[in-house]
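Two complexes come next, and they have one chain in common, chain A, joined by chain B in the first and chain C in the second.
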Partner chain A sequence: SPSYLFFCFVFLQSTLAWSSLCRFSGNRSLHVTASCCKNRAARIRVGKGDRPVTYEQAHHPHHIAHRKGWLSQHTSNLKGEDRAAERTIEDVFIRRFVFGTFHGCLANEIVIKRRGNVLSVCAVMLQKLPPQKFYFLIGYTESLLSHFYKCPVKLEIQTLQDKAVYKYL
Partner chain B sequence: MASPSSKAFLSLGRIYIPLLGFNKSSGKVTYATALSINSSSGNKGLPDRGGRGSLGRRPRRDAGEPRTEKMPVDQDWTAVYPAAAPFRPSSVPLPVRMGYPVKGGIPPEKKGNLELIKIPNFLHLTPAAIKKHCEALKPFCTEWPSALDTDAKCDEHFPIKVESTDYVSAGPSLRNLSARIVHLRNYDYAMYLLTVLYHESWKTEAWEAEKTVADMEEYSWEDSPSQKNVLDLLLRMKVAGEGDGEEVRQQLLGRREVQEYKDSVTRLKNEGESESGMVQYKEAVKKVFNL
Partner chain C sequence: MASLMSLRRELFSLARILSGVSHLVRFLLFFLMQITVTEEPDMLFQKVVILVKGHDRAVLDSYEFFATMAAKELGITIGKVFEPPKAIERLTLLKSIHIFKKHRVQYEMRTHYRCIELYNITGCTAQVYLEYIQRNLPEGVAMEVTKTAMEKIPDHILEPLWKEIPTDDKPSQ
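Right, the complex of A and B next:
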């Protein structure tokens, strides 16, 4: 998101400046500027070194296409294709939905791939729930999202014991 | 855990191999056997509660070893990845690493690696898989006619070409809106028109015999002023003694330089003036007059 810089100078001119009493030395002005905001998007700042961080979190957004791939893939951003906004809205909804449905179980971000009209949601989960609950939640998510988006939605899950730590910040 | 016999090889079939259609009923079978092993071990029960342990629930099973450990070297890979699927580290027996390494380290391993999941993979399109696809498609195909081995021959025998456009697009709907924009051409009607035109073009009408030189759409060198001029010039030039006869003219016409001159003039007149056309004409003229 672009950062906006405002410069506003407010001068208070005292009309008593040129009175006989020269105690007030002329202009009493108030300068106000916004601080130059540092970029804080999607960054975890370096800390004490005890906070485990995944590969996805450790790399800042400007590393996308250099060290990171894309979390969502569809053809709408190609030349001559449209409906990119609809795909983005769908992505945002799916991420929040899956995050809430499998609360506390997600090890990393969700990868969304669209192949033709199939929506494939790939997620890496922690083994916090018993498998039966996992199966139920997977079926529930798939059927609900399929009905919602009127296209086949497939959930592809991998499980891990613990999160894959990249480094400690 | 208390005893190794209680370890159940929990094949989370649905999780590792979702596309092969492992249904839940087979999953239940594995659970049942696992449960019986657990209950028969005896020295389990209340003291050994798993992670939760609120009501003496069955202890949490460990995840089994990944499928890669059990894969033989000569397995059928098309069974592991029969269709396009994301990368599954426990199904791919390769020690791949992906990612930017930490300082003084190496790229992160494949387990839990989101980068490997993000990228498209072609594990379902190995040469063996493609061979299988071809074998499956063979019954529906016929041999390519061996006489049509060059593009020129194909054009000659099948001059009509029908263009169709395919679109790649991914979204919830099956239809692509740009497919509705067509060059309005009814295929059947176009075929009918072409057939009619073909037959009509072979018929000659009576008035076509009255075509004059001015009506010609192409320049032809025979019986043209250019031919007359060239032949006159050549006769005057060299064959002063042989006389002017029809056979002499025919003989001159047959000469190679005259043919080249004819080609260059025809080209200039038909195609218009161009750099190479003028060069060709110049060469031909030089040859004719032995310059």
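Right, the complex of A and C next:
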């Protein structure tokens, strides 16, 4: 148990100190982490409190599977499955494509789901464009991506007035 | 004829059992439109083992509930439903692109499993059940199916060989 170990350590330290003329008398110094030891991936640092941040952005990557879900759902990262790299490249391309096609309209990150042959891209958009333009862009994205990846691509869009803010950092 | 009778019996039992479950009825009505009748006898499976793998344990929980409920509705005898231990694959990579060998990042990929064993199931039922299960597999979940079929013992092994061949009493020269 940790308390027993701590007691042993303290006792040992005290006997050593007594034996070696009290050289190690329990001085504690300041320990500082080097800045290259800190993790900076996918984190928004705490600031003044004026920057709105969504639920996805507010939680750090070690919260995946605890407080966060997955943005890209496919089976190639499971044990005994292959073609993970191809799925990742497809995902990156789809994210950049959708980000560019619906420029400024995305409220949150895109969720990509693969079920059998069907690739379903789920996105939450802001109501910045008139609905006719939205429908045209959705059809354009779906047909272009289907021809590109040779599989049915479905786009599931939800729209919001403003971004869903979780907190201000 | 036996296959026709077995097919009809299956259909009747299915229609009777599933009168309360609308989703299954809709799927099976669609499936029943494409029935093919063959003369060859149906395959018999001693054991059908379905192993489902996924990253999310909650998804596998709900899928197990769905699969066991579907099997109960179809009248399939469920054997064991258990959870094999999860497999974690860990990687330790360099944190920086150029130097800083002492600073690394560790990632892990967890694969959770769920195993459902079904005993004494016919080929038609297995085909229908597996097709229903696989059409409703959630995204990010993989399935492996192992079937153990039962075959009739071939006639030439039924009797031991020394009984058929007449014994030669002549000593070998």
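Convention: the second predicted complex is superposed on the first by the 133 of 169 C-alpha atoms of A that agree within 3 Å, B and C clash if a C-alpha of one lies under 4 Å from a C-alpha of the other, contacts with A are read in each partner's own complex, and residues count from 1 in each chain.
The rule is short, and it goes like this: a residue touches a chain if its C-beta (ideal position, glycine included) is under 8 Å from a C-beta of that chain, and two chains touch if they have at least 3 such contacts.
Note that the structure is a prediction, hence the values are computed from the model and not measured.
**Student:** In the three-chain superposition, say which chain, chain B or chain C, touches more residues of chain A.
**Tutor:** In the superposed model, B touches more residues of chain A.
**Student:** Could you tell me if A:Glu81 is touching chain B, chain C, both of them or neither one (first, second, both, neither)?
**Tutor:** both
**Student:** Is A:Arg43 touching the first partner chain B, the second partner chain C, both, or neither of them?
**Tutor:** neither
**Student:** Touching A:Gln73, do we find chain B (first), chain C (second), both, or neither?
**Tutor:** In the superposed model, A:Gln73 contacts both chain B and chain C.
**Student:** Contact-wise, after the overlay, does A:Lys113 reach chain B, chain C, both or neither (first, second, both, neither)?
**Tutor:** both
**Student:** When the two structures are overlaid on chain A, which partner does A:Arg51 contact: first (chain B), second (chain C), both, or neither?
**Tutor:** neither
**Student:** Is A:Ala65 in contact with chain B, with chain C, with both, or with neither (first, second, both, neither)?
**Tutor:** A:Ala65: touches chain C, not chain B.
**Student:** Please report the chain A residues shared by its interface with chain B and its interface with chain C.
**Tutor:** Common to the two interfaces on chain A: residues 69-70, 73-75, 80-81, 113-116, 120.
**Student:** For a test of understanding, state which residues of chain C touch chain A in their complex under the given definition.
**Tutor:** Where chain C meets chain A, its residues are 53-56, 87, 89, 95-96, 100, 103, 105, 109-111, 137-142.
**Student:** Under the definition above, what is the set of chain B residues touching chain A in their complex?
**Tutor:** 10, 12, 14-16, 18, 24, 27, 60, 63, 84-86, 88-90, 99-100, 102, 108, 111-115, 117-120, 168-174, 177-178
**Student:** Can you tell me which positions in chain A touch chain C when the two form their complex?
**Tutor:** For chain A paired with chain C, touching residues are 36-37, 39, 41, 65, 69-70, 73-75, 77-81, 113-116, 120.
**Student:** Tell me, which parts of chain A touch chain B in their complex?
**Tutor:** Per the touch definition, chain A meets chain B at residues 54-56, 59, 63, 67-71, 73-76, 80-83, 86-87, 90, 107-109, 111, 113-117, 119-120, 122, 124, 127, 130-131, 134-135, 138, 149-151, 154, 156-161, 163-164, 166-167.
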